[in-house]
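The structure appears below as structure tokens.
Order of writing sets the chain letters: A, B, C and D. Residues in each chain are counted from 1.
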Amino acid sequence: MPDVTCHFLNLTLRNPIILASGILGTSADLLERAAREGAGAVTAKSCGPTPRAGHPNPVAVDWGHGLINAVGLSNPGAAEEARMLAEARARLEPLGVPLIASIFAGTTAEFGEVARTITAARPHLIEVNISCPNVADEFGTPFAASCESAAAVTEAVKRNVGDIPIAVKLAPNVPDIARIAAAVVEAGADAITAINTMPGMVINADAGRPVLSNRIGGISGPALKPIALRCVYQIARTVRVPIIGTGGVTTGRDAAEMLLAGATAVGVGSAMWTRGVGALGDIAAELAVWMGQAGYGTLEEIGVRSEE
Amino acid sequence: MPDVTCHFLNLTLRNPIILASGILGTSADLLERAAREGAGAVTAKSCGPTPRAGHPNPVAVDWGHGLINAVGLSNPGAAEEARMLAEARARLEPLGVPLIASIFAGTTAEFGEVARTITAARPHLIEVNISCPNVADEFGTPFAASCESAAAVTEAVKRNVGDIPIAVKLAPNVPDIARIAAAVVEAGADAITAINTMPGMVINADAGRPVLSNRIGGISGPALKPIALRCVYQIARTVRVPIIGTGGVTTGRDAAEMLLAGATAVGVGSAMWTRGVGALGDIAAELAVWMGQAGYGTLEEIGVRSEE
Amino acid sequence: MHETFTITQIRTENYRTKTFVFDKPFSGAQPGQYVMAWLPDVGEKPFSIAGADPLRLMVVAVGPFSEALHRLDVGDRVWARGPLGQGFALEGRHHLLVGGGYGVAPLLFLARKAVAAGHTVDVCIGARTAADVLLAEAFVSTDSTDFNGFVGEKSVKSVPSVEKLSITTEDGSLGGRGLVTQAVEAAIHARRPDCVYACGPTPLLVALARLCREHTLPHQLSWEAHMRCGMGLCGDCELDAVTRQVAGIPAGWLVCKDGPVLRFA
Amino acid sequence: MHETFTITQIRTENYRTKTFVFDKPFSGAQPGQYVMAWLPDVGEKPFSIAGADPLRLMVVAVGPFSEALHRLDVGDRVWARGPLGQGFALEGRHHLLVGGGYGVAPLLFLARKAVAAGHTVDVCIGARTAADVLLAEAFVSTDSTDFNGFVGEKSVKSVPSVEKLSITTEDGSLGGRGLVTQAVEAAIHARRPDCVYACGPTPLLVALARLCREHTLPHQLSWEAHMRCGMGLCGDCELDAVTRQVAGIPAGWLVCKDGPVLRFA
């Protein structure tokens, strides 16, 4: 059986499948469940400086070729989140599953503050969500839209996290994602997560209305996969940091495609709608089977072959 | 039966369904066929200054939730294209179906030259393709990526087309498409076409390779629809010019969604893969049926209701 | 995605409750599953499927969304996505159904399914006062047109009713006085069911969970939570720790997707 | 999307032609339809489906892509998408099949289907020299394992062969000397077919179109063009105006999607 151990920065994951941010990552119980159901690492839902209720319903629907959501970054605020993360970390420790925190904020300075607060919980990695598409009305153009703002946030966070590595999460709706990646790596990002959802709108013709209460939301699931693969491919050919390739991965074969595109680990979110939380472990197992058939012994071999 | 007549700038289309650029628009025969099969207007494939062979095969595949293509702007060059367009125009005249030319180029000045050459054929509208994602290696970041370059191209084209109106075709992979739209309208665009394909990559895991010879291609079809609806919605709330809403429209209901998002007319391309060329007329007919059921008498009523 | 449903019939069940019958079936829906009902510009909330062919929902007007539904007329439209979640699964051949509030709606759907399969069914309904008792006649009616409650039963004209229906009100204005759990105890002693099924307010469910554990009876309880995505993604529908503990619900259990029905053997 | 096929068998048909048999069927494929075969880093080209269960392709090595295919061994993989386009549809009960070059591949698939349906089949094969004649024995073989040509026929052991097979070579090195159209004339006079089916080089098809019109015979001809998308989108596979005119092909007809087979009643 091939070895799916994933070496990501200084971390060793039993497999490369990572619970993506915003899916089930709202409590220590749910983070633990994702770990028990087979994730190699788990990411908490993004938290910001202060509590947010998020958008009213509808906040998510399946539109046939993917999902759209505008949950609206509901979260309990950084202080409460740090407590939850500390508990989650303690619960994950015996399982050997690393914990990834996720943060967002409205200003560069606030990003630094949230990062500092969260650091108290000692997550193994902090993901910096500069790319949430559902709160643009309040927070203006996302930081992921320009090299300058993306780099500024990266630096602010990096100054506040001590020795905890950070991954910056990028948005697909930019002309040249590789340039943004280069800017955040230059600014100190240890890793990249690519990608967040793609802004979209689902309209119900009979109702004559956008379905989400926020009208605009983020597209995830199958429709996002080729966009994510392209982004990961472009980033991997520009910077030398590991990438958490995220977007539309539903099967072990999808995960293989993400690794072939240049990812070191693979984020999974929407797949749990169709396959349940067990998807995390099942995808890892399917990947191992595929690797065996395709003649790969380790994840590193996939990376090497994809660069030929 | 509801009236699907579409008033677009100074043109009257028997229905709002427009053959999108790059699909079947390579010859007068095919443009005529699209018109005979029911299109309200037809767009020719984008042509540039000089002949191009395009990319080698594979240039297009169906990946399950949409298509991806990197045909590579194969075209016979502007001079030959102008001859073809003149013939097409003559053949479409008796059918009452307006002809839309489409142009691309590598520099702002060249855009002006191609526009001038094409103007000789007297198309009813000239679509300015500043958003083709498949030729970035050669042509750098598409002009649709920034307000400045998009506006510059718009002005250059506008200076060269006399009284022929122009529509500028925008790209979805920008942080804020409404800003680009505002810039091109400010620069003289009479209409907007939104959107071109979204850059993506399809990988075949077993082959260990991207499927397209160009590796990166443009995503179209169902997966693109919510992205296109969101773009059209944002543009319609920012500028007051008519929009050709394009992306993933496969049924009359999809067309209705596009009109509800704020489009005045609806581009259709990829749907012809699954439904054949007859899709053009069929979608228009389905739209009429839907309008009847939903209680709309004219397209204008849809526009009004969607702005409530 | 939401499908469009048009109201064909509205029946007033009590002073604050209406049943809405729609123009088409919700194929494949099982008793205990729910839909997310959407009213554009109003909101989206979960409602138990009270009948699948055609779709019917029973709505208690208690706040903005349910009141907006109550303002609708025949011919108006409601949008719904689903069927969502895990419903009830019949275990054995003699069933005890326990309902409080709108919880009787999915149970009626379940009762029709059990009776049609030739099983026997006892029902306990609890309510505050007589005015709050819902669907009592429907459970004992033999006229299935009255509540054509489940798939494929549209044409059945006379279905045998449940064996025993007991009603309890807190003020004794109808049936026994007290808590429905007393009636449940009695029903269990009178004839031990193969499984207990319940839907209703959380305190009722907590009490029933304890009772069934004491009697080592398999039970399937339908839990309620604030739902947002309804897809098992957002995490919002986790039950609070206290409820989970007293009812023995596993950590990380999602009402919207793992539930709303949780089965204990 | 391309599916992965592994070569299980390779048969050399003549000095520049091989048949590749793959490890699985191409479900639903009809004679006359084609696949786009992809070799990563080499290219993607259309090939007629010479057998669907399992997939088989017959490849004439004439240039870079077909030569790359010829370099493959058993166990190597080929990727293919399809089945694409419109194939042949049997009309009537007596059929005349006319093949040139690799065109005999889809016709063999068609012949097996017709014979299995109890119809009668005459075949005319044309080639430059004896060395270029392809599949001649396969058409008259009764051993279906030799060319298990179509879905569901894997187990048929002895299928009756075609009625009459005539071969024409330009140099007379095998069969009659001259052009295959002469043999076709003769076959029509010997026994008038209900329909003529052909696949081969464009000049052959043009000649046959004229001949069939003279005889007012329904005919189905499979045309060849440069294909790119294979999906009826890019417009690249339109036939040139001259060919269209002499063969009476409608303007705007797309070989990849409306064809490759065009039927004239």
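Heads up, the rule we're going with is that contacts are C-beta pairs under 8 Å (C-beta built on N, C-alpha and C of every residue); 3 or more make two chains touch, one makes a residue touch a chain.
Just so you know, these numbers come straight off a predicted model, no measurement behind them.
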Minimum number of chain-to-chain contact steps, chain A to chain D: 2
Far-end chain from chain D, centres as C-alpha averages: C
Centre-to-centre distance between chain B and chain A (centres being mean Cα positions), rounded to whole Å: 33
Distance between the centres, which are taken as Cα means, of chain D and chain B, whole angstrom: 38
Distance from the mean Cα position of chain C to that of chain B, given in whole angstrom: 51
Computed distance of Cα centres, chain D from chain C, in Å: 62
Residues of chain B engaged with two or more neighbouring chains: 63-64, 202, 206, 208
Pairwise touch network: line, ring, star, complete, or other: line
Interchain contacts, given as pairs of chains that touch: A-B, A-C, B-D
Chain D partner contacts - residues on chain B that touch it in the complex: 22-27, 29-30, 32-33, 45, 54, 56-64, 67, 69, 71, 74, 202, 204, 206-209, 211, 213, 269-270, 272-273, 276-277
Complex interface listing, chain D residues touching chain B: 1-2, 4, 36, 38, 40-41, 43-45, 77, 79, 81, 227-236, 238, 251-252, 254, 257
Chain B contact footprint on chain A (complex, rising order): 63-66, 68, 141-142, 144-146, 171-176, 198-203, 205-206, 208, 210, 215-216, 219, 222-223, 226-227, 229-230, 233-234, 253, 256-257, 260-261, 290, 294, 305-306
